[in-house]
Amino acid sequence: MELTGNQLMFIIFSGVIVLFSILTVTTRRILRAATYLLFVLISTAGIYFMLNFQFLAAIQLTLYAGGIVVLIIFSILLTSHISQKFEPVGWKKMILSALASIAGMIVCITTILNYKFSANAAIAQEINMDVIGKSLLSYEHNGYVLPFEVISVLLLAAMISAIVIAKKGKTQQEK
Amino acid sequence: MSHAGIPLHYFLIVSTIMFFVGVYGFLTRKNLITMLMSIELILNSVNINFVAFNRYLYPDGLHGQFFSIFIIAVAACEAAVAIAIIINIYRRFRTISVEDVSEMKF
Amino acid sequence: MIDFSYAIWIPLVPFLVFAVLGLFGHYLKPRISGLLGTAGLLAAFILSLFVAYKYFFVVGKIDASGVVTDTYQKIIAFNQVWMHFTDKLHVDMGVLLDPISVMMLVVITTVSLMVHIYSIGYMHGEKGFERFFACLSLFSFSMLGLVIATNIFQMYIFWELVGVSSYSLISFYYWKDSAVSAGKKAFIVTRFADLGFLIGILLLSYTTGTFDFVTLTDINGPAIIQGSGIMFMGLSTMTWSLIFVFMGGAGKSAMFPLHIWLPDAMEGPTPVSALIHAATMVVAGVYLVARLFPIYAFSATAGLNVVAYVGGISSLLAAIIACTQFDIKRVLAYSTMSQIGYMMLALGVSGYGEEQGLGYMASMFHLFTHAMFKALLFLGAGAVIHAVHSNDMREMGGLRKFLPITHITFLIACLTIAGIPPFSAFWSKDEILTAAFHHDKILFAIEFFVAGLTAFYMFRLYFNVFWGKHIHYHHEPHESPFVMTGPLIFLAIASIFTGFIPFHSLVTSDGKEMASHLNLLIAGPSVLIGLIGIVTAYFLYKKETAIPDKVASSFKIFYRWAYNKFYFDELYLFVAKKIIFKRISTPVAWFDRHVVDGTMNSVSWVTNYISGSIKGFQSGQVQQYGFAFIMGAILLAVVFIYLWIH
Amino acid sequence: MNLHSFLLMRHELMLTGIALLILFIEIFFNEKRNHAIIPICISLFFINTVIGFLLPSHSGTLFGGMYKTGELQILMKNVLNVGVLIVLIQSVKWLKSVENIGKTNEFFIILFSALIGMNFMISSGDFLMFYLGLELATIPMAALAAYERSKNKSAEAGVKLILSAALSSGIMLYGVSMIYGMTGSIYFDDISTAFTGSYGLNALALIFFFAGMAFKISLVPFHLWTADVYEGAPINITSFLSVISKGAAVFILSIILFNVFRSVIVMWQDLIYITAAITMTVGNLFAIRQTNIKRFLAFSSIAQAGFILLGMISGNQIGMTAIIYFVLIYIFSNLGAFGVATAISNATGKETIPEYNGLYKTNPKLSLTMMLSLFSLAGIPPVAGFFGKFFLFTAAASQGFYWLVFIAVVNATISLYYYLLVVKAMFINHNDEPIAYFKSDFYTRLGLLICLVGMFVIGFASNIYEFIFHVVSKI
Amino acid sequence: MSYLNLFVIVPLLTVLAILFTKGKKNAKVISAVGMSIQLILGIALIFMYLAERKVNPAPMLFTQDNLWYQSLNIHYFIGVDAISVSMICLTCIVIFAGVFASWQVDYLPREFFISLITLSSGVFGFFISLDLFTMFLFYEIAVIPMYILIGIWGSGPREYSAMKLTLMLMSGSALILVGLVGLYFNSAPNGGAYTFNVLEIAKVHIPIEMQRFLFPFLFMGFGVLGALFPFHTWSPDGHASAPTAVSMLHAGVLMKLGGYGAFRVAMVLLPEAATQLGWIFIILTTISVIYGAFGAVVQKDLKYINAYSSVSHCGMVLLAVLMLNKTAFNGAVLQMISHGIMCALFFALIGMIYGRTHTRMIDEMGGIMKVMPFLSVCYVLGGLASLGLPGFSGFVAEMNIFVGAFQNPGTFYRVCTLISCASIVITAVYILRVIGIMLLGQVKHEEHNHLTDAHWYERISAGTLVATLLIIGLVPLWLSNMIGNSLVPIAQKFLAVIH
C-alpha cells in the first residue's frame, strides 16, 4: 500500500498525538508534561490544517498552544519547583484507572466502528475568513452571533471570578 | 467516505484514544495542574471529533468547526478560573497535590 | 292465651336494683342496700310464683289458637330484636315460658330470695356490703335472663353474664389472694367451656339457620329434620355442634373434666356458694341440655351418650373425693358436682316423649329438689362457719348443742340427699335410677353405688360437725339471728315437701303428662344403700375414733389420690403454667421481640450498616469521584449497548 | 432587536443589564459607600423578577433557532428567579460580614452571570448554546464556591467543583460530538427528527450526554462532588447550587429528553429508571450518617434529584408539570432549611446536627421553620412537599412504573428517617449548652417567611399547579 | 359548605387559638372547649345522619365536592356513610377523653395540645374524605405528629419507639401510595378522566391482573397501621413509650385508620382480588388474633399487654373485613369502635395509674382496687369489655364477626374463624391476670396506700369512655342497623363477585 502525503501526515500527527498525550499523563516532571501537552496541541492543529480548517488551526495554535499552555506554565512556575518530580502513582490506582480507560476506549471504539456513518451528499462549503466572519455575526439560521455574545459574558464572568479568587484579600494584606 | 485517503474512523479512533488518555490522566495525576492538562486533552479530542465529522460527513455546514472554536474559548475560561482557584489552593494548603486537598470526605 | 309480657319484669327488677346499687350503692347505708336487694328479689319471687301458677294451672296448655290441648305450650311472652346478624340470624331478648323455664324461675327466685334474706345477717358488717348485694342482684338478673331465653344466643349472653357475676362474687374478698385466684380459675375454665358453647352455637346456627329455641326444638323443625348433615369423624355436624354446646354446659355445671373450678369457688361468701354454686348457676348446664333436649334426642344420640357418661363419671368421681375432704364447703361442692352428675346422667339416658322421657322428667325433678336441699345445706354450713369461723370440720364438733335450729335443718337436708323417704330427693333420685336402669346397666350400677357414697359422706360431715369430739372454741358458738335461720327453716320445709309435687304431669320432655309410679324394685335397694351409708358414717364418726384413719391408711394410694382430687388441679396447673405460659406464650413473646421485631430492627440495622460501609466511596479524593463518574458512564453504556439493545 | 425580541429574551437581557450596571457601580463609586450596594442589587433583581412575571410571555425562536423560548421556558426562568431572590435575601447577612467587604459587587456579578447562563441554557435551541449556557452556569459557580478565600474548605470546594465539572463537560461533549456525527446538526429541531436509531452509538451518545447532565443534577454515580462542594462552599452558595443550579439542569434535561430525544424515549426511560433507583437509594444511604447540616442537605438533595427523575421518566405532560411544580416547592423547602442553617451558621458558626440539640428551647421559631422545611422535603403534609412528591409519583405511575414508585416511596420513608433525626435533635434531644437565643436580622426573617408562606401556599393553591399544567400543555 | 367541614375546621381553629395564647393553663382549657364542641358535633352528626338517611338513599350523605386539582381530577370530596359517621364519633369521643386524660401535661403543654389536635384533625379528615388523594393527605397528617408527641412527651426508649413507629407507619403509607396511584391510573379503563373518587372507582371494573397487583399493596399498607402480623411491632414499643393521650388516640383511632382504609379502599375497590388473595391475609390475621393474645399473656408492662391485645383485636377487624359478608363487615366496624373506646379507656387508666404509682409493671402493684376504686372499677369494666362480655360493645362486635365469618361457605374461612374464636379464652386469661395481680389482692407497697382516686377530669375522661362502651353494648341494634344499611350495597357487590 502506498502512502499518500496526507496519510503520512496523518500518521505522523496521530502518532505524535497519541504518544505525547500518553507522555503528558505519565511523565513525572510537571514542566515536561506541559511541554508534551504543547506538542499534542500543535499536532492537533496540524490535523486541523490537514482537514482544511485553517482558521481553527490558527485559533488552536494561538489560543490553546499560545494562551492556555502559557497560563499553565506560569501557574506551574508559581506553584511548583521546576525540577520537582512527582511521586510515582500508586499501582492500584494506576491499574484501575488504566482498566477504566481501556475499557472505555474499547467500548467507544467498537461502538463507533459498528456505526455506519452516512455522509451528507452536499458539496463542501468553501471555508474562508469571509464565510467564517459572516456566520459568526449572522443571526440567521447557522449564524453564531448569540454564542459569540454569550461567550463574551462568559469571558467577563471568568475574568472577574479569577480576579476575585486570586487577588489577595484586604484583610490578609493588612496582616 | 474518505478524505485524502484516510477513513473517518481513523480520526475518531485517534480522538477516542486521546480522550481516554486524558481520562487516565485525570484519574491518576497527582498535581492539580496536570489534571487540568488532562482536561485539555479531553477537550481536544472532542474537537477532533467535531472537526472530523464536519469535514467528512457534513461539509456543507460549519457547526463542527464553530463548536470547536467555542470549546476552545470555554476551555480557556475554565483554565483561567481553575488556575485562579488552584493558586488559591496553593496559598491555603501550600501544596497542589490533589490527594492532600481532601479535607472534606465521607 | 294470656299476656305474659309482665314476666319480663322478673329479670328486670333485679337488674334495676343492680343498677341502683352499682351506681349509687356506696352512698347508701348498708342496711338500705340489703333491704333494697331483698325487696327486688321478693318482687321477682312473687311475680315468678304468679307466672308459675298461671302457666301450670291456668293457661299453659292453651295453644296459640286458643284451643286447650294436652300439651304445655311454649309461650313467647315477650320478644325484642336486640341485634341483627342476618335476616335469619338475629339475637332477640325475650321471655320464653315453658315448663322448665317456669320451673327454673321459681327455683331461682326462691333460692335467691332466701339467700338475700340470709345474707343480710351473714354479711352483716362486711366491707363491701352494698357491692355484695349489687352482685347478687346482677347474678339473679343474669340467671333469670338465662332461663327465660327465647333463643340460644340470648342464653349465651346471659350465660356469660352469669359467669362474670359468679366471678365477681367468688372474688368478693378481693384482698385475699386465694379468692382472687379462685375467681380467675372459675372464670377461665368456664370461659374455655363457653368457647365450646360458642362454637356449638356457630355450628348449630350455620346448619339450621336459626337461633330460636322454638324453631330449634320443634320436632318438625330444621334442626331435627336436617339433623344428619355432613359427617365429620363419624359424627354428623349436628352431633358435633351439640357436643360442643354440651361442653359449655359441662363447664358451667362443673362436669368432669371441667369441674376443677367448683371446689375453689367456695372461696366466695357462703351465701354465694349456696345460690350460685349449688342451686342455680351450676345447673345451667343441665338446663341447657334440657332446653335443647329434642335435638339431642332425635339428631344427636351420640351426644346424649356423652352427656350420660360424663354425668356418671362426674358423680362417681365427686362422691369419692367428697369422702376424703375436710373443708365442709368443699364436701358440699363435691356433693353438688355429684348430684349434677345425676341430673346429667338422667338426661343422657332419657328418650323423648311419653315414658321414654322419664329421665328428662327425673332430671328436672332432681334439679328442683336439689336446689332446695343443697341451698339448705350450704346455708346451714354458712351458719356453722358463721358460728365457729372456720371451714375445717376437724376444728368442729358437738355443735348440735350450740346451734339447734341449724342442726335440725341440716339433718333434714342430709336425710334428703341420702334419699331417705319421704324426703324430696328420694322421689327424684329414685326416678333417675329407674331411668338409668332401663337404659344402661353400667350407669345404673355407678349411680347406685354413688347413692350409698352420698349418704356416707354427708353423714360423715354431719356427724363430724354436730356430734363427734368436743372442741373448746375461743368464743362460744351461738345460733344465728332469725334472718339466717328463717331461710333455713323455709328451705327445710321445702326439702321435705317438694318431693310431692307432681312433676310427671308438669315438666316432661314433650310437655304432655306422663305416667309415673314408684318402682319398688329400685327404690328399695336405693334406700337400703343410703341407710348403709348413714350407718357406716355413724359408726365411724359419731364418736371420735381411729377407724377412719385406719381405713384411710389401708387404701393409702387411693386415699391420697382422692384426697388430692385425683390431681386434676395439678394437671390443669401444668397445662396452664407449663404449656400455655411456658411453652406458648413465653416463646410467642420472645419470638415477637426477637424474631419479628428483630427483623424490623435488623432492616434498619442493615440500612445503617450499608450506609456505613459505603461511606468510603465519598473519600474526598476528586480523582476517585472522577473514577466513579467514568465507570458509571461506561457501565451504563455497556449495559445499554450490549444488553439493552440486543 | 425589537420589543418582541426583548420580551422573548427579557430575562437574559435584563440580567445582563443589571450585571453591567453593578460593574459600573463598582468602577465608579467609592468602595466605602458600597454598603448600599446590597439593597440596590436585591431591589434590582426583585424588579427583574417581577417584570419577568408580569410581562406577557410569548413563544418564539430567535437567532435562527439557537434561542427558543415559550411560556414553558419563561415559567422555568421565573421559577429560578424566585429562588435566586430568596437566596439573595438570605445572603445579606453573610455578605455584610467583614470578610466579604470589597467583593460584594463581584458576588452579584458572578451570581448573575451564572443565572444568565442558566437562562440561556433553558432557552437554548441547539447544543452549542446549551453548552455555553451550561459552562456559564458552572464556571462562575466554581468561583463562588471558592469565594471565601480565607477558608481551606472553600478553596477545596472550588477546585473539586471545577475539575469535576470540566471532566463531566468533556464527557458530555464527547456524547454531543457523536450526536453531531450521527445527525449532522447541532440544532435541537433537526436532531429530534434525525436521532432515531437504536444503535450502540445512539446509546453511547445519549448516555455520555446524560452523564454530563447527571453531574449537574448530581445523580448517582455522578454525584460524588456534591457533598464536598456543598460542605465547603459558603452556605448561601450551597443553597444556590442545591436549588437553582440543580433546578436549571433538571429543566433543560427534561426539555431535551422530552423534545430532542423523543424518539428514543424507551431507551432513556430505562436509563432513568436505573439511575433514579440508584440515586434515591444511595443518596439516602449516605444522608443517614451525616452530621454536618450542609453535607446532610447535600445528600438529601441527591435523593431529591432521584425523586425528580420520577417525573422525568414519564415523558409526558403530567411529568413535566410535576417536575416544575416540584422544583418550585423544592426551592422553598430547601431554601427554608438552608435559610435556618445559614442563620445559625452566621450567628454562631455551628453547622453540625448535634449542635442543634435543644434548639427548640432557645429558638422555637427557627426550629419550627426548619421542621416544616424538612417535612416538606420529606413529603409530609400539610406542607407543599407532599404534593410535589405525590405528583411526581403519579407521573411515574402514569407510564406504569409502579415498582419504581415503590422504590421511591420506600426511599421517601428512609429519607423521613434522617429528616426526623434533625427534628429530633431540635425538639427532643436535651442539651446542656444549646445554641443561645439570637435575634435574626430583617433579611433572614424575610427570607424564611417567604419560604414558609411558599411551602404552605403552593401545596394547597391548586391554581399554581394548574397554571403550570396549562403552560406545559402548550408545548 | 357541608356540615362535615366543621370536623376539620374546629380542630384547626382550636390549634390556632392555642397558638395565639400564652400560659400553660389556657392551652388545655381551649383544647377542652374545642374538643367538647367537637364531641357535640359528633353526636349531632349521628342524629343528622339518621334523619337524613330516611329521606336520602344516596350512598354518601352530606357530600361536598370541590374540584381541587383540575388537571389530575383531584377533588376535595367529602361525605359520610354510617361507617364514617361511627368512626367520626369514635374519634370525637376518644379525643375528648384524651384531652381530659392529659390535663396534667405540664411540659410544653401548648405544643402538646397543638400536636394532639393536629393529629385528630388528620384523623377526622381521613374519615370524611371520599377522594383517595385527600384521604391519603389526611392520613399522613395524622401520622407525623405522633413522632413529636412520643418523642417529646413519651417515656422509656421514646426516641427509638417514636422513630420505629413513624417509619413503620410511613412504610405502610408508602405501600398505600403505590396502590393509590395504581388505582388512579386504572380508574378509567374505558377512557375518560382518571379519578381518585372512591365512589367512581368502585363503579368501574379494574382489570383483574391489576387488582391482583394492587391489592397486596393496599391491604398490607393499611394493615401496617391496623397492626397486621408481622408488621405490628411498632405497636408494643410505640404504645409503651407514648404519653397517655397519644396511646389513647393511637390505639383508639389511628389503628382504625388501618381497618377503615383496608375496608374502604383495598376491599371495596378491588373486590375480585380481595376474594382471590384474601386467604393470604386471612392466615395472617388469624395469626395476629391468636398470636397477639398469647403475646399479651406473659407481658408484665401494662402498656405492652394492651398493645398486644390491640394486635389481637385489630387482627380481628382485618379478619372480619376479609370475610366478605355483611355481618362480618358490620362486626369489623363495630369492633373498630369497640376496640377504639376500650383501648382508649385502658390507656387512659394506665396513664392515670402510672401517674400515681410511677410504675406500669403489674407485679409491682397490688390492691389498687382498695386505693383507687373508681379507676379500678373502670379498668375492670374495660377488661370485661375486652374479653367480650355481653353488655359491653366488645361482645356485640365479636359476635357479629364470629357469626358473620362463620356464615361464609368456605371451609377454610370457617376454620380460621373457629381458631380466632379461641382468642376469647386467651383474652380472658390475660385480662384476669392483670386484674388479679394489679387491682385485687393486697397492697404491695406501703406508699400506694396513700394515693388518691381519680380527679374530676380523669373521671370525665374515663366516665365518657365507659358510658360509650355500655351504651353500645346494651343497645347495639341502632348502631349495627345504621352501619348495616350502609354495608348492604357493598356486601351485595361481594356476593356478585363471589358467584
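Think of it as A, B, C, D and E in the order they're written, each chain with its own count starting at 1.
Definition applied: a residue touches a chain if its C-beta (ideal position, glycine included) is under 8 Å from a C-beta of that chain, and two chains touch if they have at least 3 such contacts.
Please read all numbers here as calculations on a predicted model, not as lab measurements.
Chemist: Suppose you hop from chain B to any chain it touches, then on again the same way; how many hops at least until you reach chain E?
Modeler: The fewest steps needed to get from chain B to chain E is 2.
Chemist: Treat each pair of touching chains as one step and give the shortest count from chain C to chain D.
Modeler: Minimum step count, chain C to chain D: 1.
Chemist: Which chain has the mean of its C-alpha atoms lying nearest to the mean of all protein C-alpha atoms shown?
Modeler: Nearest to the common C-alpha centre lies chain E.
Chemist: If every chain is reduced to the average of its C-alpha atoms, which one ends up farthest from chain C?
Modeler: A
Chemist: Counting only C-beta pairs in contact, which pair of chains has the most of them?
Modeler: Greatest number of C-beta pairs in contact occurs for A-B.
Chemist: With chain centres taken as the means of their Cα atoms, state the distance from chain A to chain C in Å.
Modeler: 101
Chemist: Round to the nearest whole Å and give the separation of the Cα centres of chain B and chain C.
Modeler: The mean C-alpha positions of chain B and chain C differ by 96 Å.
Chemist: Just the number, please: Cα centre separation of chain A and chain B in whole Å.
Modeler: A distance of 5 Å separates the two centres.
Chemist: Using mean C-alpha positions as chain centres, tell me how far chain A is from chain E in Å, no decimals.
Modeler: Roughly 69 Å separates the two chain centres.
Chemist: Of all the residues in chain D, which ones touch at least 2 other chains?
Modeler: 128, 132, 135, 139-140, 142-143, 146, 149, 158-160, 163, 167, 171, 174, 178, 181, 184, 199-200, 203-204, 227-228, 289, 417
Chemist: Could you tell me which residues belong to chain A and also touch two or more other chains?
Modeler: Where chain A meets two or more other chains at a single residue, that happens at 93, 96-97, 100-101, 104, 107-108, 111-112, 117, 120, 142, 144, 147, 151, 154, 157-158, 161-163, 165.
Chemist: For chain B, give me the residues that contact two or more of the other chains.
Modeler: Residue numbers touching two or more other chains: 12, 19, 22-23, 26-29, 35-36, 53-54, 57-58, 61, 63, 66, 70, 74, 77-78, 81, 84-86, 88, 101-106.
Chemist: All pairs of touching chains, please: list them by chain label.
Modeler: Between chains, contact exists in these pairs: A-B, A-C, A-D, B-C, B-D, C-D, C-E, D-E.
Chemist: Name, in rising order, each residue of chain C that touches chain A in their complex.
Modeler: Touching chain A: residues 623, 627, 630-631, 633-634, 637-638, 641 of chain C.
Chemist: Going by the contact rule at the top, pick out the chain C residues touching chain D in the complex.
Modeler: Checking each residue of chain C against chain D gives 604, 607-608, 610-612, 614-615, 617-618, 620, 622, 624-626, 628-633, 636-637, 639-641, 644-645.
Chemist: Hey, which residues of chain A end up touching chain B in the complex?
Modeler: 4, 6-7, 10, 14, 17-18, 21-22, 24-26, 30, 33-34, 37, 40-41, 44, 47-48, 50-53, 55-56, 59-60, 63-64, 67-68, 71-72, 75-76, 78-80, 86-87, 89, 93-94, 96-98, 100-102, 104-105, 108-109, 112-113, 117-120, 122-125, 127, 131-132, 135-136, 142, 144, 147, 151, 154-155, 157-159, 161-163, 165-166
Chemist: Mind pulling up the chain B residues that touch chain D in the complex?
Modeler: That would be residues 12, 19, 22-23, 26, 32, 35-36, 39, 42-43, 45-46, 49-50, 53-54, 57-58, 61, 63-64, 66-67, 70-71, 74, 77-78, 81-82, 84-86, 88-89, 91-93, 101-106 of chain B.
Chemist: Can you name the residues of chain E that touch chain C in the complex?
Modeler: Going through chain E, the ones touching chain C are 164, 167-168, 229-230, 232-234, 236-237, 291, 294-295, 297-299, 308, 326-327, 367, 369-370, 384, 387-391, 395-396, 399-400, 402-404, 406-407, 414, 417-418, 421-422, 424-425, 428-429, 432-433, 436, 439-442, 476-477, 480-481, 484.
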